[in-house]
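What follows is a structure written as structure tokens; I'll ask about it next.
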């Protein structure tokens, strides 16, 4: 065994596929939060990392919630995926780091997730940007006329 | 290096939107087990915060902690925190050297007196007047006692600063102690680990910036959110422990099947840290996932807690020989006690008068 | 000198041996021995729990023979039993224990509890705390020759009666014979038929035997009161007579404790093995039966049972012989519940019968024997111990039960083939 | 002194101290017992006392049927506790690891699930035994402080051991420390309490069996 290649690589599935049985209680929590959203307009969110979830739990949750109409990607220092599930008002939000690892994952029960909305401060910045762009455009236009 | 602009204003100039703040705070909130709804509020506060001055002192250490904190392959979201702080002094990173560097430290302390966060890595040697680690002719103890009173809070980074770490390992030749053994009147947040998980440090600073407070600490001064659970509690191999399926050696069937490493000396059950959830190297893995038991590096005196390869249920010291000594000593004392018993009997037999029929006639003498 | 607390404690120290230390080390206070003791089962009073009766001995053991006991003793923390305690324990040791040994059979850790009671009595008598009745009986045994005051002259008179009744020669002090037959006072005085019965059986079997004018009394009050020294005096008489007459075998009569005293304690009391054998009369009869020398005719028509004398069966090992013999003459023979090694005591063993103070308690605990008898409905009960016979007759009379109590030897003699 | 220090002490020095006290104590107790000797029995025996002694060592482990109806609860709980304690002590994987580490021998373990059930049964049996001790007039009468103390000292290792398998509600370090300390307590008090019966019961049975066997009685 003179080189690294001499060491055999055996690929094994070391992850025990098991369930903590946490999918069902979670779905009931979503039900309560959705009910609350309709009644009071108050949004809710569940941090998927706060619960011990194993592969089976995860698959079950995904299967029951299903795929919905909206799929959005936010690009803010790494991508964030925002998808509405087949249950309207229930969103699956996954934040990725710039190296594509998952930073955080939430089920949000809301009409529109916060991350999709534009912050007033950003909007102001946008307005400033727009104005400065308009300014330079009109200057350019003027310049062209001048020229 | 400080300015009056808010963080949001500074970063906006670099095209970083408020969505990044929200995303950052959402991931910090998730990391620190705060309610997801807090993320929005935290984002607002962080955006409105001024840059935080940080002074970073290194004592008896190996620079592994700093490596852990600064080494990343690509800029990541958590690096946002470096934009949120102003690292006013760090010996290894500071551009200048000698008197200039010392001057910068002095200036940083004076400028943000009572407001800066002091980060310390490495332990402080006390033996022989602390001469075993000095910087610019001053002992570590001297420097710490000078700087710490001016700080708002202290973060002890790594097991050496938090608990004394490897320099303190038996026989502790330099008389190394932890920061908390010296500084008693400042809030100290211990972030132990050898090295500590970088995102934990990020989280602590973010917490301070957004909430203005330090997080809840356990009895060892560690943030509960990261050190509340044991590695064992969050280990993906836990089901095997519960089933009693253990790897018996590093290359047996059990090891290949990813069974529990308890019998190979894993200290996961007694080690409190977030490795099993945050993982290392950008979430690639953590020691147990790589097939090796946890060493327990975020616990005090982990270096002296018995062999890394001795199961937790096994003694850390030699018991069998002591048991043998006990048996030998017990045999010796027991024989002596037996001889004493025999002499009690012999003596009694010799002195007692045998009962006669006349004794039955008389009245008992009291 | 006289008895004293000091002498009592010294006697206990003298008698504590490895088994006793092991027993005290092992007791876990489970209380199961209580359920085996008729004094507890019939009264429901926990103070009658067998192991509790040994508290004075346990204190002595702990204080004198364990390391921590010795250390505590140095600081005055391990106390020796006081005289007042021994007074209190006297009734537990003498009135409510018949040395029946049933508790020793059930102890889960294997303690021979009655072995210890026997040793406690050594201390009790040496400290002067023995019942008056037992003391008097012991004095009479040593000074007159029998606990009931039977003298050699009384024996001679009874021999004359028996010889007349049976028409057989009843030898006295005849040397060189096979068997020396001992008697108990009760047999000489209350059940004189026994002597004749034995004579008839030996005559039919054609074996040589004798009685002794110096060693006619088999019972041993010294053992019952718990004094090895006094018990040895009584055993020595028998040994001397047996050796003088050069007999092969000494026969212990129908008496339970006499058998234990001579057969099992005897050599240890006199400090040397015997030069002769010791057998119970039932052992001898069963041997004769096996050799075909004991032939019977006619059968009893009554429903009968056998009461196992504790010292003979549970503590003596003579279990099968009485059953073999009884089957010869009693076809309708049934066993009581718990018969054999777990049989319940008559209530008067171990010197209790000689202790007048204990009588009310003894009568009360007879209810256990009554329960046993009520279940099988017999009209006669056979036994092989005069003391049991006395106690059973008393108990039956007190409970108005119409059951005859018979001696097995006498029963066999009645059926001897002509 | 934090919990980690106490744990390290319990795994090392504490265990050493406990094992030394245990072995010294047990040896003293046995020797001071053995050396009291017995007088040789001069009566002619009917059968071998030695063989009879060994027979009783084993036969006395079987339940007394005579007492089954009177003290059934006591007997059944007693069996469950003793067997359970034995199985848990010798067939739980981490315990085997401990013996392997100390003496270099090991044997197959039982799955944790089975150990857990046995532990629960043993704890239940201990509580039944306590209830019996308190309710039964004889046992209550006989019981001293030591009986209750030894009961508690026997319960603690089982209880802390059980909780150790369920660390979601408790800190493993704290429970492991409590477990080790409770075991060490048990070892330390062992030679000086009725716990000695674990050794001496075999001698008691042997003596009783031998004395009876010489008389031709099987006990």
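Worth a mention:
By written order: A, B, C and D. Residues from 1 in each chain.
Throughout what follows, a contact is a pair of C-beta atoms (placed from the backbone, for glycine too) under 8 Å apart; a residue touches a chain by one contact, two chains touch by 3 or more.
All of these numbers come straight from a predicted model, not from anything done at the bench.
Located most centrally within the structure is D, per distance between chain CA means and the overall CA mean. The centroid of the Cα atoms in chain A and the matching centroid in chain D are 59 Å apart.
Averaged C-alpha coordinates put the centre of chain B at 39 Å from the centre of chain D.
Distance from the chain C centre to the chain D centre is 38 Å, each centre being the mean of its Cα atoms. Chain geometry summary: the mean Cα position of chain B and that of chain C are 76 Å apart.
Of all residues in chain C, those touching 2 or more other chains are 16, 65, 67, listed in ascending order.
Counting partner chains per residue, chain D shows two or more touched chains at residues 28-29, 32, 34-37. Looking at chain A, no residue sits in touch with two or more other chains. Chains touching one another, given as pairs, are A-B, B-C, B-D, C-D. By the touch criterion given at the top, residues 219-220, 230, 232-233, 241-244, 246, 262-263, 269-270, 272, 299-301, 304-306, 310-320, 322-323, 325-327, 329-331, 333-335, 337-339, 341-342, 345 of chain B touch chain D in their complex. Residue ranges of chain B in contact with chain A, taken from their complex: 8, 12, 16-20, 22-24, 26-27, 29-31, 33, 35-37, 39-40, 47, 73-78, 80, 234, 236-237, 239-240, 256-258, 277, 282-283, 289. By the touch criterion given at the top, residues 16-23, 25-32, 34-36, 40, 44, 46-47, 49, 51-52, 65-68, 104-112, 115, 263-268, 271-274, 277, 314-317, 319, 338, 341-342 of chain C touch chain D in their complex.
Chain contact summary for the complex, chain B toward chain C: residues 333, 337, 340-341, 344-345, 348-349, 351-366. Looking at the complex, you find that chain C touches chain B at residues 1-5, 7, 10-11, 13-14, 16, 64-65, 67, 70, 83, 125-130, 135, 138-139, 142-143, 225, 227, 229-230, 233.
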